[in-house]
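As written, the chain order gives the labels A, B, C and D, with residue 1 at the start of each chain.
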Amino acid sequence: MTKERLSREAMAMRIAKELFDGAVVNLGIGIPTLVSSFVPEGMTVIYHTENGAMGFGPVVTAEEMKEKADIDLVNASGQYITPQAGMCFFHHADSFTMIRGGHIDMTVLGVLQVSEKGDLANWMFPGRGVGNIGGGMDLAFNAKRVIAATEHTTKDGKPKIVKRCSVALTAPECVDLIVTDIAVIEVKDKSLWLRELAPGWTVDEVQALTEPTLKVAPDLKEIELL
Amino acid sequence: MINKVFETFEEAVKDVPDGAVIMVGNFAGPGGTPFYLIQALRRQGAKNLTIVANTAGGIGLTLDYDDHRILFENKQVKKVIASFPFSTSASRPSVAEKQILSGEVELEIVPQGTLSERIRAGGAGIPAFYTPTGAGTVIEKGKEVGVFDGRPCLLERALKADYAFVRAFKADLMGNLVYRGTQRQFNPIMAIAARTTIAEVDQVVDPGELDPESIVTPGIYVKRIVKVKEDPGFPRHLERNFQVRQA
Amino acid sequence: MINKVFETFEEAVKDVPDGAVIMVGNFAGPGGTPFYLIQALRRQGAKNLTIVANTAGGIGLTLDYDDHRILFENKQVKKVIASFPFSTSASRPSVAEKQILSGEVELEIVPQGTLSERIRAGGAGIPAFYTPTGAGTVIEKGKEVGVFDGRPCLLERALKADYAFVRAFKADLMGNLVYRGTQRQFNPIMAIAARTTIAEVDQVVDPGELDPESIVTPGIYVKRIVKVKEDPGFPRHLERNFQVRQA
Amino acid sequence: MTKERLSREAMAMRIAKELFDGAVVNLGIGIPTLVSSFVPEGMTVIYHTENGAMGFGPVVTAEEMKEKADIDLVNASGQYITPQAGMCFFHHADSFTMIRGGHIDMTVLGVLQVSEKGDLANWMFPGRGVGNIGGGMDLAFNAKRVIAATEHTTKDGKPKIVKRCSVALTAPECVDLIVTDIAVIEVKDKSLWLRELAPGWTVDEVQALTEPTLKVAPDLKEIELL
């Protein structure tokens, strides 16, 4: 009954396989941020952050902090980032010109709930009655490709992939791919297609933890991380 | 030429009246936040303010410092227009969160791209624009919906302010501003959308000393300039720029 | 990384199909005009083009040179969207003027600020916006009118293009662009509004060699870069910048 | 019958008296351009040009041409301009943000016709059936103060100040002040107030060359150029 699930790092590795050379990418807070650690060697990925930088380098590590941390070079999570050749800066309206104008190839966002039509809900804090919209709503509506990164179920075992979202939506019908700790599911033609399973998991087991009915892709396979 | 440089932050905010609408540059850390202007406004005490900013202050994301949270603490705010108004930590809710939930402060929550564009529109004389963001969500409530290329879009209104508090790196005496790295964020768009824009800067230089190709905020938008005179002690290397290779 | 540098202007415009919508940077002289790209497009010969530019070419305001006038001469244009389509001289009407008056070329005349904003909106994912400019004039014809703060405003639509031909000073290999002086004009906004933006530049440098604070067009918007290899002989001092005092 | 009229330079001198220290000004082509030659000593006027420069210096003179002319530093009329301390550059959308956003204190525009309500018509070429709108329409609609600079009558002696414009409007009710070669007229409360007369001209003589009825300002005086 307690089968092994993918770690957050393993989910990030799987998502990293969706990247391509030259991709312009915005990563949300949490699992999404981890994706940048798994970019294949030799591939150039251009990161965008809402607060007006693009093409910057890795986050400053704990050891580098004293030498490199600078409050004038941070990402949208408030992490210190590093300069990189080709980086540029712009103001917030120009930053969301990139997002709203459809110039971001891919965004990876966290999930509270995602529906069978690809509706995403991720901005209300569960049980707190409040929430932060931030830049996530513009990303969910306008990025060319939206990847939802999430544990398959809530802490108390309820499905996060549901027939209809019960909390306030971030954007309707926006998610293209759902990567969870037990499966990879594609949203296509307002249906959910089960494409990949975590090692040792069966279709029935994943379905049992998913509210809407999954269609099974003809080429269903095991998740490969590399 | 009118002298735009004010000696103290006190003088620069002295005339802010009760009920003023104030835009405040702020995003993920102290870099682009005019916190000395905010502190001066707390001491000045104007009440019933409407604050337009990305957050409602004190979201606890990074370093602890006096952002506009202190205006909420001091009960100077009646309304806040923000995209990210709440603390990310349920156990450490911000002052604004309690005031918003109790109804003491009114919240207008706006997606960040729409907030940016509404501010820019305010400066650009565009009274309203359509955006797809928010259609079919709670953001749609009360708004006109137009369909363009088959996509529903919301009509969003421009935002203007009486004052903008902006943070920049250097100002020249004409008011031209350059920023440093991610310090720009909301500052350049707020600078164009307020009747009186006040810039808090690290350096004031003579006209001609800033590279005209790097000036982000043209001087005509800036009415007052105040130089920061102390080092607040945050990690910062003002002697460096962020260019990787020198040409 | 995909290589964005094309060796010749021919190659860079080779795939422009008949019927394409092309934005062309152009304003008061050759400085910000990508005239080698235009010349290559004339040789390439694509027909039934829609040109979006400030003028319809050959307005005779300043130095004589091959701007997009030559596309009209070569009968490649079916429609032009412009703010200043005609020659200022009645005795030297442009080719476009004759074609427009004869009905051979369709003209959509747009106030310059509205043209700029429609192009920017195209790049920014804003499908439409309101502006006061033009209300109560012939520009109002066929447009929705909204009243904001008592002022009638026209609903104007975004403009997008298949290609943008832009002129800049330097590009790095990522496609980041810097401009020189008044060379910017329409170029940076056209660069964001087209599916394929092609930049004609004086210099191509390695990433990291451009000051990140001076980059006006982020590289993601530029798909192709071509370096100018000859000196067209216009007054120009590329060795100088326009900064009056060095800091 | 052939009284002396003000020269174009004299009209520009009179208009220059409307400037103030720190004024942000856009000058149209023709008489308006001449205004910059008559800025009072010690006064800083910040010029704006549509093609994205502000705070630039004087136009390059014929003698300076070889040394200073640069195609990358021009104004909206295509004249070479000179660098000046405090100058900055921006793109066209940011340039019209300044105009449409009401950040231009004053514009001086040429005139085909101006009506008694302050309607301005100046973009159609007379008798050619075509015209250029350019940046003039945005300026006429949105500058804080619009000054119309014009000969009082057409070449064949017809009034340019008319009851109703007979040609396509640039902007309705936009003109604040009309400076002609024989008078200065203020547009206020949809009426025309005659405020100043050129030396030797009478109210009746100016009225005779003006289609709508002029109201005479109580403090009517002779035009002073300095």
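Things worth noting here:
We take it that a contact is a pair of C-beta atoms (placed from the backbone, for glycine too) under 8 Å apart; a residue touches a chain by one contact, two chains touch by 3 or more.
Since the model is a prediction, treat every value here as computed from it, not as a measurement.
Contact with chain A and chain C alike is made by B. Between chain B and chain D, the least number of touch steps comes to 1. Between the CA-based centres of chain B and chain C the separation comes to 33 Å, rounded to the whole angstrom. Between the Cα centres of chain A and chain B there is a gap of 28 Å. One simple way to say how far apart two chains are is to compare their mean CA positions; for chain A and chain D this gives 56 Å. In chain C, the residues that touch at least two other chains are 117, 120, 124-126, 131-132, 179-181, 206-208, 212-213, 242-245. For chain A, residues touching at least two other chains, in rising order: 83-85, 87, 89-90, 93, 96, 99-100, 142. Taken together, the touching pairs give a contact graph of some other shape, not a line, ring, star or complete one. Contact annotation for chain pairs lists A-B, A-C, B-C, B-D, C-D, with touch applied as defined. Across the interface of their complex, chain C is touched by residues 21-22, 24, 44, 46, 54-55, 83-90, 93, 96-103, 142 of chain A.
Chain C makes touch with chain B in their complex at residues 117, 121, 124-132, 146, 148-149, 151, 153, 157, 178-181, 205-214, 241-247. Put simply, chain B touches chain D in their complex at residues 1-2, 120, 122-126, 172-174, 176, 192, 206-208, 212-213, 215, 218-221. Residues 27-32, 61-63, 83-86, 88, 90, 97, 100-101, 109-114, 116-117, 119-120, 131-139, 169, 179-189, 216, 234-237, 240, 242-245 of chain C are the ones that touch chain D when the two sit in their complex. Interface residues of chain A facing chain B in the complex, by the touch rule stated above, are 49-53, 65-66, 69-78, 80, 83-85, 87, 89-93, 95-96, 99-100, 125, 128-135, 137-138, 141-142, 168-172.
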